[in-house]
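First the structure, in the form of structure tokens, and then the observations on it.
Each chain gets a letter, A, B and C, in the order it is written, and its residues are counted from 1.
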Amino acid sequence: MSKSTHDVSNEVVVRTIVRKRLTLRSLVREEKFLYVVSLVVFFTIWHLAATRGNGDSALVTPWATLQGLYDMMSSPLGGETLVGHTWNSLRRVLIGFSIAVCFGIPLGLLLGISETASAILRPLVDVFRPMPPLAWISLSILWFGIGEEPKIFIIFLASFIPSVLNAYNGVRLIEPELYDVVRVMGGSRWDEIKQVVVPASMPAISAGLQLSITSAWMGVLAAELVSSNSGLGYIIILGMQNSDPQMVLGGMVMIAAVAWVLTASMEKIDMMLCPWRREIKGL
Amino acid sequence: MNKHVKISAENVSKEFIQKGTQRVPVLKDISLQVFDQELLVVLGPGQSGKTTLLRIIAGLEKPTQGRITLDGEEIRGPGPDRGLVFQSYMLFPWKTVEANVRLGLEMAQVPKEKHAETVRHYLDLVGLNGFEKYYPHQLSGGMKQRVGIARAFSTQPKVMLMDEPFGQLDAQTRLFMERETERIWLSDKRTTIFITNNIDEALLLGDRIVTLEGKLPGRMKKSYEVNLPRPRDPMDMEFLKLRHTITSEQELTL
Amino acid sequence: MAYQTVKARKSLKLRVLPWLSLTAVILIWQFCVSPPGVNDWRIPGVLLARPYDVLLLGIEKLTDVNPDGATLLVHAWVSLQESLSAFLLSLLVGIPLGLMMGWFGVVRGLFRPVFEMWRPIPPVAWIPLAIFWFGIGMEGKIFIIWLGGMTPCIINAYMGVKTTNPVHIQMARTFGASDWKIFTSICIPSALPMVFGALQIALGNCWTTLVAAELLASDQGLGYLITAGRSIGRTDIVVLGMISLGITGVIISQIIYRIEAKLLAGIRR
């Protein structure tokens, strides 16, 4: 048990770190132990489900999935290894996402700051918002053909709206008295924007980045499923066409891994953008 | 003693528009003079318009009628010559204690090299040295309001405006902070308007106490001089007498 | 005392501008696209259809089954069936699971690792497996859309229970309530606002996933209408499909919103 104490005048701040004692009883109640149980059960069921069929089952064992993953990494498919395909998808996402964020966040802030801009642009945002970004895939293929552009366009659309809306809501939910702090000190409208609007909406903007990147990852896969000859979406659709579940599952594992890395990096960025926020424990 | 009038309010009235269509009168015909180096307490129950009065003096609201002058010049908007301490602290959660206090200096375009020294000086004054790098959420309520006070002081305003600064604190911390406020005020006798709904706080701190009527629109009721030696003892006979007078006269309106 | 009332209104500019900007965009769209069969400096008809033509087509498609095999309402009905049944399924499975994960450590411990592995996979990526398992019928699509709706249901129900005011739980413990009793009579009611918050998100996810599911394997539905329009080179059909998707989405989300408001008002009373 370690303890640190500061005090200021009549108030005392004490920080204590307590270590839990390890017993057999606490082990059974320990979530980490249950996690292990859970994973073992899950993979066993998966394995049994895959081996029970007589060969034509559309599922392969976890072990075979891993092997498929390894094979795809070492031998090229459609001209590239799995690593190359992953990079293709990732590159598209990063380009589309960056463009969307660069335009979306300033636009959202502008809508929040200026009533006039909001009156002009909000109706347009509201008209486009309910249309799922994936519905644009057909038009984007008509417009841009089958190269990189239609995919980047879909990713842009998928991540643009969350960026705009979160920045906008971030500004709208700012405590109005915070502006008074700046005004009382004789700050200008620009000071209000710089000192209050941008930092105060940062948590919402950062949450928007999370939503955007998830949406962008879904967008790239959908676009690649519909028409492409590279990328992870292409891998799984190729696996489907070849009736090769090993390939499909391997692709899905990769998709999950990349999605996880993207989310984790967004959380890192969130910590960098908003170091002052209290930790909120959740799923 | 020749008293210089620092702030003067002349027939100030204020109405708000509520829910888009309701006209709510908040202040009616307030005339008030605050003298240089005075600690004036405005005492009134909740919903008596005292916060609005302070916000008008700060320049955050415009009076519907009447005018307020500071050193003879009419107040037309907020400015660094008046420092405001907010009831709900209003620290910027994304800034450290140090950066929160520095905010006013940046805006007043004080030369950069003076920032560190000034910040340290005011954090010392409110007893917060050692907490420079903390974020507001790591501090207790009393410590947060110390930062609020340091921030308001840092630009050396001519007048300090304190809006129920200790309303959210527990009784003990509150008493302690009242003593601290008195100590800080005695150290440079800056003209201060202090708003509260707590009569003991008013009597502990005020050179003069002005009471507001307890329902909207807020009107000036009475003014009491408090000629007790500082630091004041809340068990002192004179203190209790004055307390009794104010309480009984306040209660008539309730 | 009644307060005096005054007339309050937004400035004229702020009331007019939204309509002005919408009209301007539609007019620009109309005039910058060539009419069918005309080839001039404007955006050719193979890339975009004019709003007026889309409107005419929309009226015609109310009764006409050509060229894609069904009327507009049939397409919309198919899409609604798929997305709403998947939506309901995700509520039925996701919410109880989330609630249990929030309260019972064992449930949480057992489901969380699987949930964490499953969550990052976008529902779209399940399409090939769903086609393996279910074929291209409605079941496959419902499965994919269901996956899309699950995540917000589980997370919100979980967070709803987790954010129950601990004082309420302690209060119940002082009365000697059992774990199960606390769960049903304190945690679930206090989680309801957050659970209702999940409805809109889940519905939005379902609607987006629907498009992806229909783009790939389908012969009816609004998503199919878009794909069909592209494959026969009719941009007016593509745009009509997109707009119908948007409008239908708004209508069902409004209905859900109304239901949600009614139910929540019932709880708060």
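Simple rule for what comes next: contacts are C-beta pairs under 8 Å (C-beta built on N, C-alpha and C of every residue); 3 or more make two chains touch, one makes a residue touch a chain.
What you see is a predicted model, and the numbers here were worked out from it, not measured in a lab.
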Central chain (distance from its CA mean to the mean of all protein CA atoms):
A
Would you kindly say which chain has the C-alpha centre located farthest from the C-alpha centre of chain B?
C
When A-C and A-B are ranked by contacting C-beta pairs, first comes A-C
Averaging over Cα atoms per chain, report the distance between chain B and chain C in Å.
51
Indicate the whole-number Å distance between the mean C-alpha point of chain A and the mean C-alpha point of chain C.
19
Centroid distance [mean C-alpha coordinates] between chain B and chain A, Å
47
In chain A, residues with contacts to at least two other chains
none
Among the residues of chain C, which ones contact at least 2 other chains?
none
Could you pull out the residues of chain B that touch at least 2 other chains?
none
Residue ranges of chain C touching chain A (in the complex, touch as defined):
13-14, 17-22, 25, 46-48, 105-106, 108-115, 117-118, 120-129, 131-133, 154-155, 158-159, 162, 207-208, 210-212, 215-216, 223, 226-227, 229-230, 235, 238-239, 241-243, 245-247, 249-250, 253
Give every residue of chain A touching chain B within the complex, in rising order.
6, 8-11, 13, 175, 177-178, 180-187, 191, 195-196, 199-200, 202, 274-278
Which residues of chain A touch chain C in the complex?
29, 31, 33-35, 37-39, 41-42, 58, 115-116, 119-124, 127, 130-139, 141-143, 214, 217-218, 221-222, 225-226, 232-233, 236-237, 239-240, 243, 245, 248-249, 251-252, 255-257, 259-260, 263, 281-283
For chain B, which residues count as touching chain A in their complex?
55, 58-60, 77-80, 82-84, 86, 88, 90, 92-95, 103-104, 107-108, 127-128, 130-131, 135-137, 140, 142-143, 146, 155, 172-173, 176, 180
